[in-house]
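Report on one structure; see the data block that follows.
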Amino acid sequence: MRTGRVEAFSDGVIAILITVMVLELHVPSEPTWKALTAELPVLLAYLLSFVYLGIYWNNHHHMLAAVSRVSGGVLWANLHLLFWLSLVPFVTAWMSETGFATVPTAAYGIVLLLAALAFTLLKNTLLRAQGGDSRLRTAIGRDLKGKVSPILYTVGIGLSFVAEWLGIAAYVLVALIWLVPDRRVERTLGQAAEDEDPVRSR
Amino acid sequence: MRTGRVEAFSDGVIAILITVMVLELHVPSEPTWKALTAELPVLLAYLLSFVYLGIYWNNHHHMLAAVSRVSGGVLWANLHLLFWLSLVPFVTAWMSETGFATVPTAAYGIVLLLAALAFTLLKNTLLRAQGGDSRLRTAIGRDLKGKVSPILYTVGIGLSFVAEWLGIAAYVLVALIWLVPDRRVERTLGQAAEDEDPVRSR
Amino acid sequence: MRTGRVEAFSDGVIAILITVMVLELHVPSEPTWKALTAELPVLLAYLLSFVYLGIYWNNHHHMLAAVSRVSGGVLWANLHLLFWLSLVPFVTAWMSETGFATVPTAAYGIVLLLAALAFTLLKNTLLRAQGGDSRLRTAIGRDLKGKVSPILYTVGIGLSFVAEWLGIAAYVLVALIWLVPDRRVERTLGQAAEDEDPVRSR
Amino acid sequence: MRTGRVEAFSDGVIAILITVMVLELHVPSEPTWKALTAELPVLLAYLLSFVYLGIYWNNHHHMLAAVSRVSGGVLWANLHLLFWLSLVPFVTAWMSETGFATVPTAAYGIVLLLAALAFTLLKNTLLRAQGGDSRLRTAIGRDLKGKVSPILYTVGIGLSFVAEWLGIAAYVLVALIWLVPDRRVERTLGQAAEDEDPVRSR
């Protein structure tokens, strides 16, 4: 199977999730800057989740670009990832509407942790489907970020019981780690793309 | 006509349906694990419907991958399937908000049954368009799962009048049957893909 | 410009519109068949709008399949059509929530009429961009359905002031006219597709 | 990296934003023309935002059509643009529900201004990735519209504190400037498309 429709479907789901969260944003009750400022925590929670979904879309994009065929197992590993991502708007709303209370903040981290584990599972399923010496393996490399993230999420979940803002700080830290560009991956992909059939669709 | 846009449109609709259900999830009223646990039946109903829509997307993906051209009749048979699938969020919400009451649980099964019949209709319309000895026919084979599912849905609808959880059990059983991978189909498709023009886009 | 992104964007908007309407469906207040039956007019209005958006998607699909390049004017004519279609969920909700009252029923017809005129405008913009003797012109032919529909919509709008159900009957009639397959168009398109470069993407 | 998935994801997000706004439209409380007229400001605000998102989609379409490869930086610059666009439904609802009050009208302009700056950033990121003498540079030309828009938005934001309708007038003016076709860009793109590999997918 080609990767085309898996990419298209994942793009669709992530695009919808990222915009569905806008619907959770309550219009400020009064037409004043003060009323808007009162919504600031909600807007910042939205921003964090937007960045997270953006990171997942980016990484998904990179990973799928390095493979050419997918198996039935990949389709399900992908849907599994999308399931945990689909809960992001839910925990974002819970966390921000309760004013970043302890339990919802921890729950936010748990969903992020499970999404990260689902991403690793998808990566491994893809690697198994490509064989040992694939372009994907070269592109992924040691995958330090992928290994450190679940640890930081777990720390964040624990910290949110000490002080909610420490938990959030841990989640923001993971997002920042992923935002830093990873030139090595791009170089590998860029080179591989040039070796390939220039007619390769999409 | 090529299959590209039919796939893209179906991907779009199913992707939206799968995520629109998240909007039905009510944020727990209090920031406690207990309040989250109270939402557990709703979350499990969401999970079941997510899996069902995932199965339909998967099967749709496999089926369309085995055909190269579609007719006007196929477009309508496809829209007919999407109509019944579009009612899944509606019956999911009704079933879970009423605490899995008898009638909504039966209604959930009825929508699943009608979607299954619509899928069979789409399959037959595609087969007719491809001619007798097509790759699609080989890929589908005896289609045991497709024949057994409507029977199990009907049993589930009946059982939900005896005890709601028996009905749900039947629906879960059908989902599990479809989750088991079907290696034979993938093999046929894999082989066919290799025989094909490598330049074929998407 | 290629037609690819115009098709993808239109597919996206129509797919969202068709599913956004599901969100308008209120879950019946009680878990009884009677409560579901009370929602029947709303469900039937949803069905009618679903069929209409399906017809537009179908016709859009056919029309764009017969052209290979689009101009800037086409992009705007297309957005203009999508604007009127985007009001379909709005008037559907208004019409069905007021129990098919006179003014909302007429408003529903007005939106359908404006969408039909927008479709004609898009068709003419496409024809102008393709030149006089194009494949699109052959595919469209005399376009009897396209000429009769605005008249029937206007009649329906008028009739809805006499009796709402007469107006609805007119709208249902137009839908039925479009549901009848138009084999001649498909034949022209099928033949043209075979004459074309087989490597044509999407 | 190819532009395919960036286009598909952006199409998805903009398509959802443009239709999500329909959900903000409250169904008139009574089935009368008067009740519909009362919703007119809301509908006009929706129309303005629809046109703006349409303009962004159009310009995005043109710009991406003139490049063939994207870098990691482009992906993030693109997500940055989508973030500001995703706030359009939020400020549209705030502005129209408060009857075009001062602060929300200014906030609407601020979001438009930030989206315009994000678009310029995306353009510059793309230009840097393509090298100095690219087709994109030729297509963009002096980019007068892109330079004048932020100034007009700023004027509009200021004017909305004098009289709200002056602010809105400035925003409408910018929209009109962009609606006027820009034949020069299309010519450049048209010519370039003909020089290209005709097999290039999507």
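As written, the chain order gives the labels A, B, C and D, with residue 1 at the start of each chain.
Everything below uses one rule, namely that a contact is a pair of C-beta atoms (placed from the backbone, for glycine too) under 8 Å apart; a residue touches a chain by one contact, two chains touch by 3 or more.
This one's a predicted model, so the numbers in the text were calculated from it and none came from an experiment.
Q: Rotation angle for the CA superposition of chain A on chain B, to the nearest 5°?
A: Fitting chain A to chain B on C-alpha positions yields an angle of 90 degrees.
Q: For the two copies chain D and chain A, is the contact made of the same residues on each side, with over half of the numbers shared, or of different residues?
A: different
Q: Counting in whole Å, what is the centre-to-centre distance of chain C and chain D, each centre being its mean C-alpha position?
A: Centre-to-centre distance between chain C and chain D: 26 Å.
Q: State, to the nearest whole Å, the distance from the C-alpha centre of chain B to the C-alpha centre of chain D.
A: Chain B and chain D have C-alpha centres separated by 36 Å.
Q: Quick check on chain D: which residues sit in contact with 2+ other chains?
A: 8, 12, 16, 20, 23, 199, 201-202
Q: So in the complex, which bits of chain B are touching chain A?
A: For chain B paired with chain A, touching residues are 7-8, 11-12, 14-16, 18-20, 22-23, 25, 27-28, 30-33, 36, 47, 50, 54, 57-58, 61, 65, 179, 181-183, 186, 189-190, 193, 198-202.
Q: Where on chain C does chain D make contact in their complex?
A: Against chain D, the touching part of chain C is residues 1-2, 4-5, 8-9, 12-13, 16-17, 20, 23, 71-73, 75-76, 79, 82-83, 86-87, 89-90, 93-94, 97-98, 101-104, 107, 197, 199, 201-202.
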